[in-house]
Each structure stands twice: as C-alpha cells, then as structure tokens.
Amino acid sequence: MKKPALERPVLLDVQDITRLYGPGKGCEEIDFRLHAGEVLGIVGESGSGKSTLLRVLSGLEAPDAGRVIYRRLSNEPEAARQVNEPEAARQVNEPEAARQVNEPEAARSGQHVVDDDEATSDFDLDLYAIGEARRRALLRLEWGLVHQNPRDGLRMGVSAGANIGERLMAQGQRHYGRLRETGQEWMRQVELDPGRIDDAPRTFSGGMQQRLQIARTLVTRPRLVFMDEPTGGLDVSVQARLLDMLRTLVRQLGLSVVLVTHDLAVARLLAHRLLVMRRGRVVETGLTDQILDDPQHAYTQLLVSSVLTP
Amino acid sequence: MHSTTNAQPRLTVEALQKSFLLHGQGGIEIDVMRDLSLTLHAGECLVLAGRSGIGKSTLLKMLYGDYRIHQGRIRLHFDDGELELESLPAYAWHGLRRDVIGYVSQFLRVVPRVATVDVVMEPLLARGADEHQSRQRAETLLARLNLPERLWQLPPGTFSGGEQQRVNIARGFIGEHPLLLLDEPTASLDAANRDVVVALISEAKARGSALLGIFHDEEVRNRVADRLLPLDGSLGACAADTQENLS
Amino acid sequence: MNGYNFAYLDEQTKRMIRRALLKAVAIPGYQVPFGGREMPMPYGWGTGGVQVTASILGADDILKVIDQGADDTTNAVSIRHFFQRVAGVETTTSTATADVIQTRHRIPETPLRNGQILVFQVPIPEPLRFIEPSEQETRMMHALEEYGVMHVKLYEDIARYGHIATTYAYPVKVDGRYVMDPSPIPKFDNPKLDGNPALMLFGAGREKRLYAIPPYTRVESLDFEDHPFEVQTWEHTCALCGSDHSYLDEVITDDKGGRMFVCSDTDYCQTRRGEVA
C-alpha cells in the first residue's frame, strides 16, 4: 500500500494579522494557513475578535499589521482581472508596477509558510496590497461571503432569480434565459421551490432566505467562502437542514470555508479544524474533535465544558 | 499465530504516554497511559484487553487524532515509506481519516435529520465515489446488519441504541479503511448482529485491513482476535477511572 | 437687462461650470460635481440645464428650448424668456438653426449637426441610485466598473413584465466605460445618443452634477442577448403630419374616448407640414 497523498495546497496564508479598535478590542497576531478543501471554524465567545478577524480575512477591513495572501493555483484564470478588461478600468486598477513590486516581498517571507513546501508563486495575491479594484472584484467573483443575517447579503427589493443571477451578471453573463435556468438549478440545489424564482426574498422564511443567500453566493462557484454564523438566528430544525446542505455543498463544490461560529455543535458538524479565540488572540488550534474532546488550553476546556452537548 | 508475522507492520506504537491536565480543577494532571508500545500487521485484528478505564479508548482516540499525542511515536507503514502521526499537521489528518484510518465509535454523531442511508454512504461520497453505487453499498450493508428497510430513509437520531450502533458500524465499515479502529462495536447488539459484525471483521482482515479493537464481549473477542494486548502494565499507578470522567 | 451679468450667472461661476464641463467632456459619461447656484426658479424646473446653458451661451448664439419636444409648453417658454431677458440672445423654435438647444425629456427628431450643443435637464443623474443609496459607494462602483446591478434591474423587468419595461431614462454605457442615466428621455431617443455629431451636456441642479457625451461617441443601451434593446413603435402615424417614424404623444380630444397621436417634437411636425403643404 502506497503512502496517501495528504498534502493540500495552501489557499489562504494569514500572516500575523492585527486589527485593534482599542486595547483588547479586535484581533491580534493571528497567523494560520487555510488549505484547499478545508472547513476551518473560528470559535470563541462574543467579543473574542472572531468577527473582526473574519472582516479582515474577507477583505472588508484592512489590518493594522500583517498580511492576508490568497494563493491561487497557477492554471486558474483570475476572474477578478478578466472582468475589468475594458481599457479605462486599467487606470482605476492598481498599476501593474505595484503588483510586481509587491511580489518579491511575498517571496522573501516564504519561510513563513513552514508547513508547506510550496514557494510563493506569481499567482499569489496580497489582499491588501493589490488595490481596491482587484480586491473588490476578487470578493465579488472568486470568493463568497455568507452573512449571519440574510438581509445583509440579499437584495430584498428584487426577485430570488435576480439575487442569484447578480454575480453572474457582474461576470458579464448577458443571456436572460440562461441566467434564469441557472437560477432555478440553484434553487433546487438549496432545496427551494424553483417555481418561486420571481418571488421577492421578503416573502421567504428566515431559513429560506439563508438558503437563497447561499445560492446567490455559490452561483459563481467561488473557491473560498466566508461564513459568519450561517445558522445563527434560525430555528433548530431549520438549522439541521442547512447544516446538512452546507456539508453537501462543501463536498460537491470542493469549497474551502472559513466559518465563524459561537456554536460548538455547529463547529463539530461542519469544521475540519478549529481556531479557538479569546480576547483577540488564538489560544488553541487543531482538529475539530481534538479541540472538543481533548482541549489543552484552560480557556478551551472551560468553553467546551460549558456547553450542554458539544 | 497468524500468517503476516513476517510482513512489514502496518502500525507501530512506541512508548506512548497520555495525561490530561485539568485547568479547571486546580491544574491537576492525570496520567492515563504510560509507555505503551504495540505493533499491528495487515490482515490482523489486535484486541485491547484490560479493565474498564484503563485507557483502551484513549489509545484508539490518539490513533485517530482525536486526542493529542504528547509523548511517544505512532507510525503508519506503507510500501514507500512511513508516516509519523505525532508530527502530522492538522490538515493532513483530513485525508488520512478519509482514506486510511477508519473508526467505529460507540456513539453516533451526525447532522440531525439526515437520512440513515445518507449517513452511511457519506464516507464514500467524501472520496468522490459515484452516488448511485455508494447508495447501493450502503443499502447492502444496512440489509446485512438487519436494519429494517423502512428505517433507511429516516434520520437515525430517534433509533434505539442497537439500531444506532448498526448504522455506526455500516458507516465505519463501508469505507474499507486499511486501518480500522473499533470501540466496542458489538456492545448493544443481539447475537445475530454480533455474527454479522464478526463476519465483517473477518472480511476486513481478508482484505488486508489491520484492525485494532475493544470488545468486552468475551465470545466475540475470542472469535475475532488474532492477538490480545493487555494494557494493565502500561498504565501508571495514579490512573483510575478518569477517562470516563473526562468524556 | 440692467443689474444682471450676461446670461444671469457671474463670470466666476460660469468659469467654474465651464471647467467642470471640460472635465465632463474629457471623461464621457462621468459625473462631475460642480458648485451649483441658486437660480430664480425652483429645483425640478431645469436649474441644472439653465446653469449649463448660461455658462456656454455666447451673445451670437441662437437658443432653442424644448420641453417634452415642444417649444410652447410652460417650462420651455419661461426658460426661453429668461434667456431673452438676461442674455438678450436670439431664440428660435427651429432645430436646424439653433446653436444651443436646452431640452427636457426629448432629443429633437431633426438630426443634429456638428457644432450644435444639446443641453439636458437632469433630475437624478445617478443610474445606480435605485439600488445603492450611498453616494460614496456609487462613485466607487463607477470607478471600478461594478455594473452588474444595472442588469439586475433589467432582469427584474423581464421577470416581472416579460420584457424590459424601462421605457425612459434607459441606462446606457458611454464609450465602453461609464454607465450613465440619459435623463428621462424616452428610450426611443437612445439610438440618437450614439455617435451623434452634436455635443451633449447634462446638468443636474439639485444634485449639482454635470456630465457629457462628446460628438461621435459610442453610446450603447444595456440589454440581454436574448432580450435585445428595442425602441417603441406605434401602430399610428402622426395625425397632423403623417410621420410614421417619430415619437408620438397620445392626445385626448374629447370626453368620449376620442384621441389622436401627434409628434411630440412640435418643430419637426410643423416643418413636415410646411413641406407637405
């Protein structure tokens, strides 16, 4: 029997991120790697800095210090660059020069990535060095963000179909019939009635809205998805169905996910690996079962033992 | 005693130690395992023996990455080299569990409201297997384990202990992992289903899987075990039934 | 007229507006902020267009003002009188002879020529406003060409009505770059924006924004491959001049359901009747 291939490429290389709003408010010196196909859970109490960290990771808020490197595979075209092809956009985009200047810097810190032999490649994107145009395009087209409150992630004024189609239209899809087909396919995928494609999201229940938000986010098949308490605020029965759906989608689409949750049961069922945060810092990391069944840090032990059924 | 003695071992454990440090209880440290070593070959079933609370489950959990390895070595041997589990980065365990190490625990832990047959076939789907074939395999296993067909489409959450156990066994065996850890898989089964599990274990051995198990049922133990490993000697004096208290 | 500078605005203000206009011409479709002045008329009556006209008007220019295509409606008449009084310029109703045409809601049917300037009155200059209330965000969206939401609106139209139901203020993309609101002209007029030899200036008084389409600029109306952009058509012809290719207004003639369709462009209609007669 041959040795199994256990190496997985690093997708997101988070290097010493600090973002503080005040002393102890925010996150400090966060350093980890997300590997392709991994679901990484960030757990901790409210105020532990996990939401701040998610904002920094997902490109919404620049860190005070540290870098977020998105490592793209060399054979992938960058959707974010394709979309801004028109001539004039180039001027708004970060000049090529800035990108090139930035690259050697990334290479220098290659030793940072100790758990992976892969050298920093030309395809790496330093999230906060690439300029706002490419960053926003990246977030819109290659990444996805699922908000806790579906209202924050949906356009409540337009139909379910328009919600699902928006990212595709942003990518330049201009065929109404196909947009609609794709919309209906995705509604089936997230267990919504495709017959309701023209209904406004406000006529949907909370759980249905959340599934619609997930369809809207995943329609462009992002490689990396950030989820902020995706099952928060839902009834327990609805939660279970959503959890199962998320697991299936992660497997079928080969998604890599950063999941913020305070619910250890959700973390147990969805996450492969956990980061435990407290007062803005990571106190413990490891396999999900390991964190929950054999916690090492005093705080993790307290957290795990405080839950009714972790 | 068995045919594979001369073959290269599949698993070797050397001088394994385990203790739990309980911060919440004044930082007391509890030793549950000291200086444990074992070798496991392909096609062999090694059964851990010893009284309850002696660290048998702890060992399985350490082998599965569930408990951390602080001291000692755990190595998996392959034709083209070996893998040290104590130094394996967390992300590498995902693939290892999917393809190499299987685990049948005493408790079923699944997403609520997911149908039994889907629970059972998930390990195959995780490898990218065809859904139709995976479903057939799952149904075959459930049928062998005498789980009534009307239950297959129901979530196992409300099943009896014995039924849940059988779902768990089906899920554990479907992946045909080269290394299979069995934590009392027959605990709440009747005689007929115990026979099925014994047959499944024999088939796994015949396939060349290496099995490490805990069986309290002496009859089953004698039927499946190629060797027994008494654990009493590897345990420190201070260890009591702490393992149960922790979990 | 005594007591006022030529064309009402002081020269400093005109200079400021001209600078803004130069920028607008340099970046077709881009909204340039300007220091809008209080005008002796309420917002919504064309204060943006009037300020643009006042800034570009020369003493020798001949001015035409139309509202919904007509030279004789209240808004058109009062603005025309305004400039007669404060600038003393010659005015006309003839599209062909005018140098500067200020318009609300129409582009004249008579093809414009190079050298003419068409000044549009604009109520809401921001085409993204319907979906994004934040000015900061819409400016960012323009800067980064994040125009996916424009098609969301068109998609929604088709989903709801079976076709793109937007009939006026139909969004366009200027010179392959900026998405622009052409002001509430009927989409019938959108094709006239494309490659037009005249300079087109847009002024929004309340929102204090200017934008421009320079002569011969490519202007595309947004659409879908399977729902291409189309203009309105009528089964009728103009009841007065018989035109079968101009934009028609429906006019109710009595209380018994009597009605007729006539050209909305009064000058065009009269010219045709003169020719026909």
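As written, the chains take the letters A, B and C, and residue 1 is the first residue of each chain.
Criterion: a contact is a pair of C-beta atoms (placed from the backbone, for glycine too) under 8 Å apart; a residue touches a chain by one contact, two chains touch by 3 or more.
Just so you know, these numbers come straight off a predicted model, no measurement behind them.
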Checklist entry - How many hops, at fewest, get you from chain A to chain B via touching chains? => result 1
Checklist entry - If you take the mean of the Cα atoms for each chain, which one ends up farthest from chain B? => result C
Checklist entry - Using CA atom means as chain centres, which chain is nearest the centre of all the protein shown? => result A
Next on the checklist: For chain A versus chain B, what separation do you get between their C-alpha means, in angstrom?
Outcome noted: 33
Next on the checklist: Nearest whole angstrom, what separates the Cα centre of chain B from the Cα centre of chain C?
Outcome noted: 76
Next on the checklist: Nearest whole angstrom, what separates the Cα centre of chain A from the Cα centre of chain C?
Outcome noted: 45
Item to check | chain C-facing residues of chain A, complex | outcome: 83-84, 86-89, 92, 132-133, 136-137, 140, 155, 157-159, 161-162, 165-167, 169-171, 174-177, 179-180, 197-198
Item to check | Of chain A, residues touching chain B in the complex | outcome: 1-8, 33, 35, 37-38, 115, 237, 240-241, 243-244, 247, 251, 268-269, 272-273, 285-287, 289-290, 293-294, 296-298, 301-302, 305
Checklist outcome for this item: Within their complex, chain B touches chain A through residues 20-24, 42, 61, 64-68, 78-81, 83, 88-96, 99-100, 109-114, 125-126, 178, 208, 247
Checklist entry - Within the complex, which stretch of chain C touches chain A? => result 131, 140, 143-149, 151-153, 155-156, 158-160, 175-177, 223-227
